[in-house]
């Protein structure tokens, strides 16, 4: 399975949320809903502090419980990749996928009733472009590419930099990596 | 804390119901679609897409961009790859530009103040002809009775050029913008006194090549000036040594090798201590100083007193840290940048602090050097031929009344003060693109007195901002996405021009600034200054002089030109600085002559009284001051500002994360309510909030009455005697818990 | 101090600030699903065991309640769907990894078997219907044919009943993403609780004294079993990871403790257990009739607690820096 990954450098991320607006406008995300968001994590006591900023979204898990729990196949891996999409034409709105996502709130309810989510901008990826959030980020701290290709930027970054994923204990095998 | 969206009985509240109802409507609409086998919307970008060049006006950085419309609907705005301001990437606010165009609360039609039979004043809608005639008639009266120079223009933003042109043509030279006395004034004056040149915008910082960057307050990252952010990120990718001096653990502080959580207001002491170490340890750039600077011996004597040990007591920064950071700067020099900052109107001694920054840069040899401050260059763009402006009988200095000898630009506060009273100098104002009551701290009473005295106040704005409430006539300008403005031609690494052109037709009955200025010009008998039918003609003419054309620019949006001068000084190059001595003036005779400290002195700032905290403020990435808080896209990111308090303060005062409190200052001003954020990222002696919230205008339907306004709480202003800057940071507040 | 906050105001409906995608519709559905399983199980069991004498209602009349209860449940399930016109999509596919897909198909299997079961006992269970039956051509012949095969049908119904019980039990526990659900004990608990509600309903409706006490005895056993599983579940949670500990805290002394201790443990288990024990000893007869009602209430409360609390337990939980309620100002 072709494996796409997003690699986000928390050392550079400034928490500006440009990625969020870029997603909202590119994907015409309905008013009041978000497919991505930004978290700020501060540790320590003044003045010995560490703050990490990170932009979060669906992890496009290789072992996606939202897909396995979907009763209709509406949640699916796109074209044999790890990109997880929802087909509105098959979605009943049962919301099993939402409950099934350990990353909580990775999927949102479209006002029309079906489930909507981060698509890794497959409509851009198909054309060889980066996802909208990645190409907007002013610090260029987001990277996107194929993990299967050892020469891709993402593969190289993961080889050379310390990194983590969110809640690996869920066993979902997420594909959004954070350089730390 | 958790169940924010639930009512007291756990029942979901309105918002969810709304979604459910719209879901039902959606079902109805989806039925035919489903029968056709399709509930999905088409993927973005599959329709008919039109791409139009512009440059962003969400803040004053002016990033070139392309606005995209899909199937006639606003879609997205993305950066222009050829542009050095944006490098193909807009910031959060720029990306949300469509929200400004789409805002349903925009001013729609001209408004004229009327007094009803009951004495109550209101606005009534008027036609453009009526509103413009009304203004012209009153302006002519002012001209006849008092003279054309009694008209002042208070303005901010790129579109203001059209009104500067109008006002000059009318015969006034009293133009003031908050970008001077409330923002960059002290910095530009301080650098001009030292180097004979200003820093300007965009800042001439060569950060992508810096090996050491020192940020004094500048919170780049929260301050989202695009290329500043991008080049700082480049520097970090190159493992720059970042040193951030900030009482708050700002975003750049969190990325820094050294964070110096300085006691507020003591920066000059730290800067002098750094100079002390550089000179004491012989770490400064001797050759550079000898070649280019004057006054070194005086400087050396002056800083001898400022030992790190002494300065530690003032700033709270350990002597060892002061020494170590000074050595880091020297080791990386001249690729060391002591960032000049931008919003520098802090404590009233700001020009002197900026001088100290300028001098420190000189000791490190970074002006004109790679990784320091580069030589900027713009395009020599010919002016469209119009007659010379008439000589104005007086200029903005009339307002300064002999104060502020180094103010080379109008001081807004002085202009406002010189408009109060029957015999006041100014009789009429045009206010363009600046929201005075929130922009100028503590100005509301004076503003009220001024409009009571003025014969005419015209406000040109896009939104029903608070300032419109002070107007006799409100003129609705269309947004930057609906108009031509002057070509962008800022000093940069690479001289370049950028085009702003209409992406959409103006919505409602709003009009572009150039049209408004021209219409007023005609009514004032100034036709000869406006010999065009459409501003596109002006731009096209200018471009053709340079061998380009409007048609070409409509395709490319940005045109870069070759440089004429080198970006940096050549080794050993002779340079004549634009100072009286032709040298970098470490010691300033100009200052001495006017009775000011020729080398910056440190004065101890006031400490907060018991129970009070320093009122610290700054930017948040999601917004530009108060002008984007009603933008629906940005409102969704950050609908309010929060009050940062240290956990020690929180526990002492019994504050809980997320609760709403009010702030009060020693003069009895009480703020709107603001949500507490308990965080270690702030000193226990300070509280912090983002500027731009606490709008009182109820017509701003998203943002009104949300969050607190720092300006209201600033009643003790420290005016910079050199240039009239409004020192905003000497204010203290205490926290009032809301009665539950 | 660790401060981890959302610095973008995210307020996705039903998801922020806590997951709330499933509501009473799902609790009702799970309750009625479990009840239906109990109904079918006991009716089939009594038929298989030929207990017409000892348990005349369970053996003959009870089965009719199954499809009624389940249809109500499926109605609330349907009400919960947010993309209702696409409900048929459940039946254009079978997703082997999705319990919900199994459930959809088990429901389909349930109805025909249940109808056969009802028809095979119709004349015995509902004598009032007899005069009408004759008016339908061929129906008497069909009933004759089915009545002979009553036990065979009951044998078919048993596994479906068990399947239905297990399905409604494990539906939630299959969600590994929700720490509170993801335990091996929730399935058995729901199964036992479903049987218990089925037994209680039978005890409530049965007119025959012997049958009532039979089902009271069965119910006592089930309640005791249920209490054991609940105890195990609490032990399990209290020794789990952070989210499980949080769930335990909410149950034992937090936002769910009133519902848990009061409505479920006391009202739904302890009081009926006492009342039913008294009843068997011939004490407090008058009051004891409410015991089965309490069991039904308890069964429903268990579903409510599981559905709601399960959604609140997550691996990742950020506080929002901003007040998301402000977003209600957006049109």
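Brief remarks follow.
Order of writing sets the chain letters: A, B and C. Residues in each chain are counted from 1.
Going forward, a contact is a pair of C-beta atoms (placed from the backbone, for glycine too) under 8 Å apart; a residue touches a chain by one contact, two chains touch by 3 or more.
All figures in this text were calculated on a predicted structure; none of them were measured in a lab.
Comparing chain C-alpha centroids with the centroid of the full set of protein C-alpha atoms picks out A as the closest. Counting C-beta pairs in contact across A-C and across B-C gives the higher total for A-C. Taking each chain's centre as the average of its CA atoms, chain A and chain B sit 34 Å apart.
For the pair chain A and chain C, the distance between C-alpha centroids works out to 36 Å. For the pair chain B and chain C, the distance between mean C-alpha positions equals 62 Å. Chain contacts: chain A has residues 15, 17, 20, 31-32, 34, 42, 44-45, 53, 88-89, 91, 109, 112-114 touching two or more partner chains. For chain B, the set of residues touching two or more other chains reads 15, 19, 23, 27, 30, 34, 39, 622, 632, 636-638, 679-680. Multi-chain contact residues of chain C (touching two or more other chains) are listed as 1, 3, 5, 7-8, 11, 13-14, 16, 82-84, 86, 321, 327, 330. Those residues of chain A lying in contact with chain C across their complex are 15, 17, 20, 31-34, 37-45, 53, 65, 68-74, 88-96, 98-105, 107-109, 112-114, 166-167, 169-171. Within the complex, the chain A residues that touch chain B are 11-12, 14-18, 20-22, 24-28, 31-32, 34, 42, 44-47, 49-51, 53, 87-89, 91, 109, 111-114, 123-124, 132, 135-141. Note for the complex: chain C touches chain A at residues 1-8, 10-16, 19, 21-22, 80-84, 86-87, 89-90, 92-93, 95, 97-101, 103-104, 174-178, 241, 310-311, 314-318, 321, 327, 330-331.
Across the interface of their complex, chain A is touched by residues 15, 19, 22-23, 26-27, 29-30, 34, 37-41, 43-46, 75-78, 88-92, 95-96, 98, 221-222, 224, 226, 229-230, 233, 236-237, 249, 251, 254-255, 259, 261, 621-622, 632-634, 636-638, 646, 679-684 of chain B.
Of all residues in chain B, those touching chain C in their complex are 1-6, 12-16, 19, 23, 27, 30-31, 34, 39, 622, 632, 635-640, 642, 647, 657-658, 675, 677-680, 701-702, 706.
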